[in-house]
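As structure tokens, here come the structures.
Below, subunit A partners subunit B and then partners subunit C, in two separate complexes.
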Partner chain A sequence: MILTALLLVIAQNPAQDPRYERLDPDTRARVVAIVDSARVVGLPSDPLIHRALEGAMKNAAGERIVAAVRRLAGDLGTARDALGSNATPAELEAGVAALRAGATPATLTRLRDLRKPPITMALAVLADLVASGVPADSAAAAVLVLAPTARDADLVEFRRAVERDIALGAPPDAATSVRLGATSMGLDATARNARPGKP
Partner chain B sequence: MFERQDEEDIVERVIRELRRPASIDRALDARVMSEIARPETGLVARRPFARVWPWLAAAAVLTAVVIARPWSRGTRPDAFQFVLVAPQAASVALVGDFNDWDPTRAPMHAARGGLWATVIPLPPGRYRYAFLVNGVEWRADPGAPAAGDDEFGTPSSVVTVAGRGS
Partner chain C sequence: MRPRATPGPANPNLAGCARWGAGASLLAATALLAAPRVILAQARATIDLGASRVHYDGFEVSNAATITPTFDWYGHRGAVNARGTLLRFESGNRSLQGSVVGSLFIRPGGVWIAATGGRTAFGSPSDARPVFAASVSALQRPSSSLLLLLTAGRAFVGDTQYSDIGMTARGQYGKIVLETILGTRVWSQGAGHGVYGEASGSLRFSDRWAFVLSGGRYPSDPIRGSIAGRYVSAGLRFRIPPPIRPAPRLATQHTGANGGDGSDPPPWTTLTLVPESPGNVRLVLRAPPATLVEIAGDFTDWQPVSMARTAGGSWEVVLPMAKGVHQINLRIDGGPWTVPGGTTRHVGDYGDEVGTFIVP
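What follows is the complex of A and B.
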């Protein structure tokens, strides 16, 4: 009961969120303003607050925290424009990671059109491949090829295989290409086996 | 007791009576047929399941929905184990988006061989996190993808949790 009342108070007055107390007063006021503006246009506030808290925990200067939160708010808006207003907060966060990795908004939109939601994992795998050293266009092309049929687990296994190959010394582009071929063949075989009346 | 001739007469009369065509009052016939035709008070409505089956069906649907819990599909947390090898560390905390970057909320426990570990439930989503060693040193998770954008000058990692059934 008390918790519910507290949550209601916080929901009605976001500036009362106790998490803001970990920011210095000047930074807090500026972060609250950015979060409020984002909320007005329908963007999720938690990713913004988390980024501010990360900065505070890592003893970053207020200016740097505000810049990071402002940049994230802008990128969440770009991701929302690309993924549509039905995108979940998790999809938007993964979309931001993919955009920052070098994927274009058009790639995000194409991924949304190709794959049944949620597409969080597909976006995350794209971003994670780039973080592993795979060129952004190769990572995007690979994920777009796998997106229509691969399960999330298939995408994660694909990413791990590429990362293993890179760790063992393979060029990232070559690792992506080879593993993409193997994964696609595996998916084709799975689809054939699942088809009734197969020869 | 009857005489034999009397007995034969009686049997003869009974047989004649039974063989006579039955005549039913037409008004009675019409009343019975109209009762059968009425859905609410007719014979059909008197069957015991006629009024109960919609409730049984509703109860079955409700039970199925409660068991399947479609509203929670894809949002229930999965338990994740985080491990860091840090033999020289006196303390290690796991901090990230999932605990509001609060080191007091996820202290890690020392295991054998210099391993530090903790298990936390994570709902579907993408989370940034890092290990805080001895309260001062930030370390990324060597077993997880790196967060590409370290805007605060220290490394972080990311974990992505897929929704169930995806």
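What follows is the complex of A and C.
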């Protein structure tokens, strides 16, 4: 009984998470405070802890670790506001990546409305497209077009195709458009486009 | 439009003289199979096989079997589009039309400007006439599944000139693609006037095959040498698959992870993910000359984990990993933390770069 009670105390007291021991005492206290505050408002704690641990591994100064964790907590809150309270931690993390890449909260909300959950992959693809050089608005438009019907595997393949085109020298915006089939609508200066089987 | 010989069912001899275009289209589609990698990225080729019911203006209604090869290549602000149509009418006459069009695109603020110049010949090569055509297009996306293209263009073919204003709508709903064109020809000298419209639908039932249905009315086309007409067509579309080649990795950029000297990762580091048992992923890294390879990421709680060298010279480790986005850094022989090739790099919160990858 005592052991059970002790385990419950540890589970409910994140400051006892052994991972925190990799932080110096001052940084640990400040990170724990941020994580606790985030948890109170329903944000996931693991991404915040991971961000602190990343700083510890990279020998970052305590101030910088605290700033990084605080910034991530703010971004997670923004993502949660955009994606709704039912968003999973993975969706929130992917949402943060998309926001930091340049997507707007409105885009995230639209994506949530268009696609059945989970939308983790769609958000990740959006962030990756922007990281590959595709303008944020073009990337958002592309993912929103695909979102209602494309499977996760289709989205990943779309991202790969665009990245492959970019690596081969295509302008990122054009690569996205081509892969969406937009330019195949007939940006042909002769105006008359061939229809299927047109005599 | 000036009275000219045009390819059609009643004029098979002259029609045959346009076969250079269709031939070029077929050649281009076939060449896709052997094209260099730089061509493949933006190229697509299809062949439609079907049957049409055609009513050219001024001629009897006729049925025809059709072969329609297409080839499109989109490059840096330019495109090459080749189209061909071979018809064999029930009368035994044949019509072969084709074109190869090069276009340049400029896109200032969402508006596309396309221009085409060259010569067109139908009748005989010595009868070629100069062509110049330019158009302005605006692409709109009123909903997530619908694209609208508004286009206004002016074309000069010899002493024939005309303007077309049109709208193309394209919707994709799962495996079905619907496309409609409505347009009108105005300010025409020798090319006729009027309203035209076409519609097509395709149902994709595999990566390579689709059923295609199309029909409508189109205006005369002095550039391609066809007269106005109406048609209904049905057929199968085969997409010529380009040879599958491994995607090249994006060029590595400068990294400067804390605790390191910020040097670039070796260019031969390439991370590959291989699904293992449920919840586990095998990470494979190509880094033959190394003696110690470590990775760290959110999936290791940012604790360095050594990878094991394989007989083939690569490095591997199997780790539990949830679906979603993960972050990773790589360290080789105790050097700086870098971003492995094959991942997407982002600027991290600690002034360095972090690689991200997706576990689908």
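In this text, the second predicted complex is superposed on the first by the 172 of 199 C-alpha atoms of A that agree within 3 Å, B and C clash if a C-alpha of one lies under 4 Å from a C-alpha of the other, contacts with A are read in each partner's own complex, and residues count from 1 in each chain.
The criterion applied here is as follows: contacts are C-beta pairs under 8 Å (C-beta built on N, C-alpha and C of every residue); 3 or more make two chains touch, one makes a residue touch a chain.
The structure displayed is predicted, hence computed values, not measured ones.
S.K.: With the two complexes superposed on chain A, say which partner A:Thr149 touches: subunit B (first), subunit C (second), both, or neither.
M.R.: second
S.K.: Pick one for A:Ala29: touches subunit B only (first), subunit C only (second), both, or neither.
M.R.: Touch status of A:Ala29: no partner.
S.K.: Considering only touches as defined above, state whether A:Met121 meets subunit B (first), subunit C (second), both or neither.
M.R.: A:Met121 sits against subunit B and subunit C alike.
S.K.: Once the shared chain is lined up, is A:Gly55 touching subunit B (first), subunit C (second), both, or neither of them?
M.R.: both
S.K.: Where does A:Arg164 make contact in the superposed view: on subunit B (first), on subunit C (second), on both, or on neither?
M.R.: It touches subunit C, and subunit B stays clear.
S.K.: Quick one: classify A:Ala141 as touching subunit B (first), subunit C (second), both or neither.
M.R.: Touch status of A:Ala141: second partner only.
S.K.: In the superposed model, which partner reaches more residues of subunit A, subunit B or subunit C?
M.R.: C
S.K.: Once the two structures are superposed, pull the subunit A residues common to the subunit B and subunit C interfaces.
M.R.: After superposing on chain A, subunit A residues 19, 47, 50, 53-58, 60, 64, 67-68, 71, 90, 93-94, 97, 100-101, 120-121, 124-125, 127-128, 131-132, 152-153, 156, 163 contact both subunit B and subunit C.
S.K.: Could you list, by residue number, the parts of subunit C that touch subunit A in their complex?
M.R.: 37-38, 40-42, 44, 48, 50-52, 54, 64, 66, 68, 70, 72, 74-77, 79, 81, 83, 85, 87, 95, 99, 101, 103, 105, 107, 112, 114-116, 131, 133-135, 137, 139, 141, 144-145, 147, 149, 151, 153, 155, 164, 166, 168, 170, 172-174, 179, 181, 183, 198, 200, 202, 212-214, 216, 218-219, 221, 223-224, 229, 231, 233-235, 237, 247-251, 257-259, 296, 298, 301-304, 322-325, 327, 337, 344-346, 348-350, 352, 354, 356, 358, 360
S.K.: What part of subunit B is in contact with subunit A in the complex they form?
M.R.: 74, 95, 97, 100-103, 124-126, 128, 138, 145-149, 151-154, 156, 158, 160, 162-163, 166
S.K.: Quick check: in the complex, which residue numbers of subunit A touch subunit C?
M.R.: Those residues of subunit A that touch subunit C are 19, 47, 50-51, 53-60, 64, 67-68, 71-72, 90, 93-94, 97, 100-101, 114, 120-121, 123-125, 127-128, 131-132, 141, 144-145, 147-149, 152-153, 156, 160, 163-171, 173-175, 178, 181-199.
S.K.: What part of subunit A is in contact with subunit B in the complex they form?
M.R.: 19, 46-47, 49-50, 53-58, 60, 64-65, 67-68, 71, 89-90, 93-94, 97, 100-101, 118, 120-121, 124-125, 127-128, 130-132, 151-153, 156, 159, 163
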